[in-house]
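I have placed the structure first, in the form of structure tokens, so that the comments after it can refer back to it.
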Amino acid sequence: MEHNIDLSGYSIRTDLAVEAHELAQQQNESSIPGIWLQADDSEADIKVTRLHVQNEEAAKQIGKMPGHYLTIEVPKLRDNDTSIEEKVAQRFSVEFANFLQQLGITEDKKALVVGLGNWNVTPDALGPMVVENLLVTRHLYKLAPETVGEGYRDVSALSPGVLGITGIETSEIVFGVVEKSKPDFVICIDALASRALHRVNTTIQISDTGIHPGSGVGNKRKAIDQSTLGIPVIAIGVPTVVFASTIVNDAITYLLGHFGQSMVESKRAYNKLSLSSLPERKEPYSEDDLPDMESRKTFMGLVGSLPEEEKRQLIHEVLRPLGQDLVVTPKEVDDFIEGVANVIATGLNRSLHRAVDEGNSASYTH
Amino acid sequence: MEHNIDLSGYSIRTDLAVEAHELAQQQNESSIPGIWLQADDSEADIKVTRLHVQNEEAAKQIGKMPGHYLTIEVPKLRDNDTSIEEKVAQRFSVEFANFLQQLGITEDKKALVVGLGNWNVTPDALGPMVVENLLVTRHLYKLAPETVGEGYRDVSALSPGVLGITGIETSEIVFGVVEKSKPDFVICIDALASRALHRVNTTIQISDTGIHPGSGVGNKRKAIDQSTLGIPVIAIGVPTVVFASTIVNDAITYLLGHFGQSMVESKRAYNKLSLSSLPERKEPYSEDDLPDMESRKTFMGLVGSLPEEEKRQLIHEVLRPLGQDLVVTPKEVDDFIEGVANVIATGLNRSLHRAVDEGNSASYTH
Amino acid sequence: MEHNIDLSGYSIRTDLAVEAHELAQQQNESSIPGIWLQADDSEADIKVTRLHVQNEEAAKQIGKMPGHYLTIEVPKLRDNDTSIEEKVAQRFSVEFANFLQQLGITEDKKALVVGLGNWNVTPDALGPMVVENLLVTRHLYKLAPETVGEGYRDVSALSPGVLGITGIETSEIVFGVVEKSKPDFVICIDALASRALHRVNTTIQISDTGIHPGSGVGNKRKAIDQSTLGIPVIAIGVPTVVFASTIVNDAITYLLGHFGQSMVESKRAYNKLSLSSLPERKEPYSEDDLPDMESRKTFMGLVGSLPEEEKRQLIHEVLRPLGQDLVVTPKEVDDFIEGVANVIATGLNRSLHRAVDEGNSASYTH
Amino acid sequence: MEHNIDLSGYSIRTDLAVEAHELAQQQNESSIPGIWLQADDSEADIKVTRLHVQNEEAAKQIGKMPGHYLTIEVPKLRDNDTSIEEKVAQRFSVEFANFLQQLGITEDKKALVVGLGNWNVTPDALGPMVVENLLVTRHLYKLAPETVGEGYRDVSALSPGVLGITGIETSEIVFGVVEKSKPDFVICIDALASRALHRVNTTIQISDTGIHPGSGVGNKRKAIDQSTLGIPVIAIGVPTVVFASTIVNDAITYLLGHFGQSMVESKRAYNKLSLSSLPERKEPYSEDDLPDMESRKTFMGLVGSLPEEEKRQLIHEVLRPLGQDLVVTPKEVDDFIEGVANVIATGLNRSLHRAVDEGNSASYTH
């Protein structure tokens, strides 16, 4: 999540391709050429979306690098339910194994897993926590290869720390370690920012595009991807934070639609609801309270007509004096991060090592 | 913060008396009888507000128990600046000593400090963290009174844990320990919920009203206050979380005023701003884009006329499907909690023990 | 482990009844009347010893309160092997359930589990760590009894902290909470001191004698047992530390026997060993190096004849200037404590709640 | 401390040059050529020893690499006394600054500080804990050099983790990062093993010899020193653990002397001591209990004549079946490590950055 530090273009505010695509579609009101998207909700509680950004033009449209993005969304992941976590770990391991296969990464290829982020900042500790629970084997291959059983891949792992602690760009550390340890591919794990609170800690994104700190902001910080490392770089990310201003923005957007299209219904529903159950309610709305069609049109025209970008900028400017332009995370962040780190570590151990499966993977994580 | 678990009346959503008072004033548009308020910003960077809820009527109006509330607001407390922290600790110790004096609590009175909250949930760990850094002396008075120097009060401390971990109401644990250890007064430290992100981790509230879990919701959970314990109970609280929906609500309220009164100016300002500095801007607004007075009035009529309570309920209902009714905390919660816990522990050690001062208090905290 | 603070009689130095009994036997060279002992090693890797101190006379002889002691010894518990941990958790749950039954504690009896010790001192954090992983239900019985399924006992839990943090005797806190929460019996979990490094983190002791801080030292600190609480108190302890001087003492005792009986063989064995494998060896012993029978007798007479107590006192006096009279714990203490806390929490959850078994108990611990 | 993993030659068992030198002297009974040693106890509570291993021959004799070793011994460092810690931090900063100067390392030279060790194993977490509290500046020099004030050196830092977590040799990670980040010299911080409990957590060793994992054991693990990195490597180490068998060995050695020379006096002293103060004492020794001169000679001949190496090997062989060949650390390890890590971080910040001094250094550590 280090790359958010110099996030000058607040307008980005999402590291998830599915969100970026949604946003772009809202503005275009038509499908975007060069984007291929497939949703799969065949398994209960789990929605898997595969999104392919096929060319530079499409990449520019949605603000995400060309490549493959796979998103696993599990709203119940926040329930701290062990059986859901096991289910997601298993699905993750299957999807990740397929992802590797499609990239032509076979079982004999050596993996280096990099846990990005700051272990002292709970919502940013995802990467280091996954690394702690990985089954690493590279040293066994080096020091005592005869002891390594069938079905284990050569895996190493690293938590490089963040710029504020090391003073060294993460990418420099990774480059140096890759040169010395010579893996065949790299897996980077990072905490992400989302636009929507409901995606925080419920969504896992896998992509083959690598890591691009503060992308597009013309800074000097280097990407960690195939073009810079010379080997495939797969990024695994989980949104753990959201900008307060995007919560507001999205709520207003939602409210605008709601007001415009269904204010009448909403007020009527509210009348029913309130009368029966809510002590705070004093009296129902009369029909006269309801806005006439004309007012609603005016309202829509007033705010709704602002281009998305400008509306957001306006909200941003307005909220800054309120001190509300903070990055926030759910109160239960400690539990959430631990749970999702366990899911990813378990899933990675299974998909990287054929010999690790549902029966024995618990032995490898804490 | 345990009392938020069964917070059925979402409408409360603030544990700060100054916020509750602000809200009540917004609705009344006049000063509330029975409320005495005094603000003191004589010291740079620090604003101290003293608020006295003088009777039951006033208490009902603002939704806070009758009693004295002292609030220390320091926006810079979030900057992780050691010199600011030292300054606030010192001010806190002076204010807290005065607060004790006004309650008639003299130096010979024995204190029990109770650190409420869950040590496993970072934004709720404030109380236990303060307790860890207190200078406790009760055992010395009991076991080796001759070793206790001049200027030290009899102080004990307890972190009772939360209902989900113990299965026992916090109040029951505190009652039991008070009966056995017989302090003369109790200090409860707790993490609070605020309405405003800018108050999170920048505000300390001291009150003589004790702790009232899920107040007013008719639940069976007992208060920890003078009426239940028979001795004075002073509560120290710091808002560490905010409901996502109140962020939205307050932003919308703010925006409404902004839209209504200054949309024209805002757009004009935006034009200037954007043209010079923002690459995202495509073109300035023309004067024709600006809403005419009629539209603005309609807009105000449409949303602005909703009573506060109903507007909030509406936002709540609307946001629930977005999964956005979460309690959130700033991403940097680990650092914030550590910093403010240190401020309070240092301040308490100084005000409870005359012999502890600016020169030596660092030795007692970690 | 708090009671070790004022451990003036260093001669105790073991909280394990089996060790105290061994020591007493060494000095008596005959079985002690009033001690009933039964060892059971029917299950591989696990040795269970049941020891009954039947009267005050026997208690005085071995320095342990009259009552039942059950010890589970598992040398492999230190191997960090998940399958061993599961096996021990299961055995513990069976033994503990039987222990409850023999005390006449039926399924409807309410339990309060007290995690003694200091969570900031890793080898003393066992009790608090077990408490964190317990399935507590008392609040459900109180607030929503209809939601509690069949097969769950009323369980509450508490980590009272230690005297240095609270300033209040642990026993006072427990008494107060017991009076308010009214359990039918109490389970206390504590880290212990052992005489032998090989028992550290490999041994679990269950007893019905309660907790006796600094027993026999005439201090003012109160016991937590049936006589003080009025309800059964079961203690569960795991040795996590050992006094450096007892390591030395036991090694010397062992060496004395070794020297006396097998020095010749040892040196001969050493010759063989050294010649083949050890580069440090310069040359073998000649037969002339071996001590004759007379010398060996003299040696035995010299040191071996000292009474156990005096030999220990001598070692203690000798070592003090070396600064070696520290309490030590294995370097891997973090892992050990986590593992054994998990074993006990899992075992307790299963034996306290009939509805928790091997299939689902993992969901209740972290 | 990672290099202890494959410590096959138990005979080493000390990472401290002063201990190695003491041992060598005990065996030689004369001073060793090529060793220059100077002790300085001009400052109360602090003993500084400078030891220069001047050539390969001397290095072989004491088992330590040729180079300079500076040892700061502070028995009171274990007292958790803030004023002692401040005093040691200040002395450390002065000594370390001199050490740099003598190596010709000027203020403009860029430092990389490497925190060796495992953050999950408390006694091995020293290095990572120091790194967390360093004032790093390299990123400021790179990204915004104009913001760096006068008196700050270019400092970066890294906690590479241990082989069991990363699967990569620490030296490989350091080599890779040095190549990319191009420091002028490296400082490695590591937890050490000592022979003596009284040196654990009371001693800091600085040397210019770098880090040599499992030295001399013919393993494949690479050193981190000037010969492998091409730039000066300064090692800072603190003994945090001791082998149980060396506690025994040293105690026996000490006892042997004691028995031989002063058993009579000891028993007489014991008589006096016991009669007055110890309840356990039954009756004084009669003069007949005391060993005659002949017995004492025999005893000395029996054990005392064994060469040091063989005596240790014997103890090792004897103790193995007792399961006592563990590495141990004092029970209070958490506090000790935190305290000494703070001392080193504070001292390093002062000696690396001229602008950091006693007045402001607290702001840079937690």
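Letters A, B, C and D mark the chains as written, and numbering starts fresh at 1 in each.
Note that in this section contacts are C-beta pairs under 8 Å (C-beta built on N, C-alpha and C of every residue); 3 or more make two chains touch, one makes a residue touch a chain.
Please read all numbers here as calculations on a predicted model, not as lab measurements.
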Partner chains that chain B and chain D have in common: A, C
Chain labels contacting chain C and also chain D: A, B
Type of chain A:chain D copy interface by residue overlap (half), same or different: same
Chain A and chain B: spacing of chain centres that average the CA atoms, whole Å: 32
Chain centre separation in whole Å, for chain C relative to chain B (CA means): 45
Rounded Å distance, chain A centre to chain C centre (Cα mean): 47
Residues within chain C bordering two or more other chains: 120
Parts of chain A lying in touch with chain D, wherever the complex brings them together: 120, 131-132, 136-140, 142-143, 155-161, 163-169, 172-173, 175-181, 220
Of chain C, residues touching chain D in the complex: 9, 11, 75, 120-124, 196-198, 241-242, 244, 247-248, 250-252, 254-255, 258-259, 266, 269-270, 273-274, 278, 280-282, 291, 295-296, 298-299, 301-303, 309-310, 313-315, 317-319, 322-324, 326-335
Touch list for chain B against partner chain D, complex: 82-83, 338, 362-363, 366
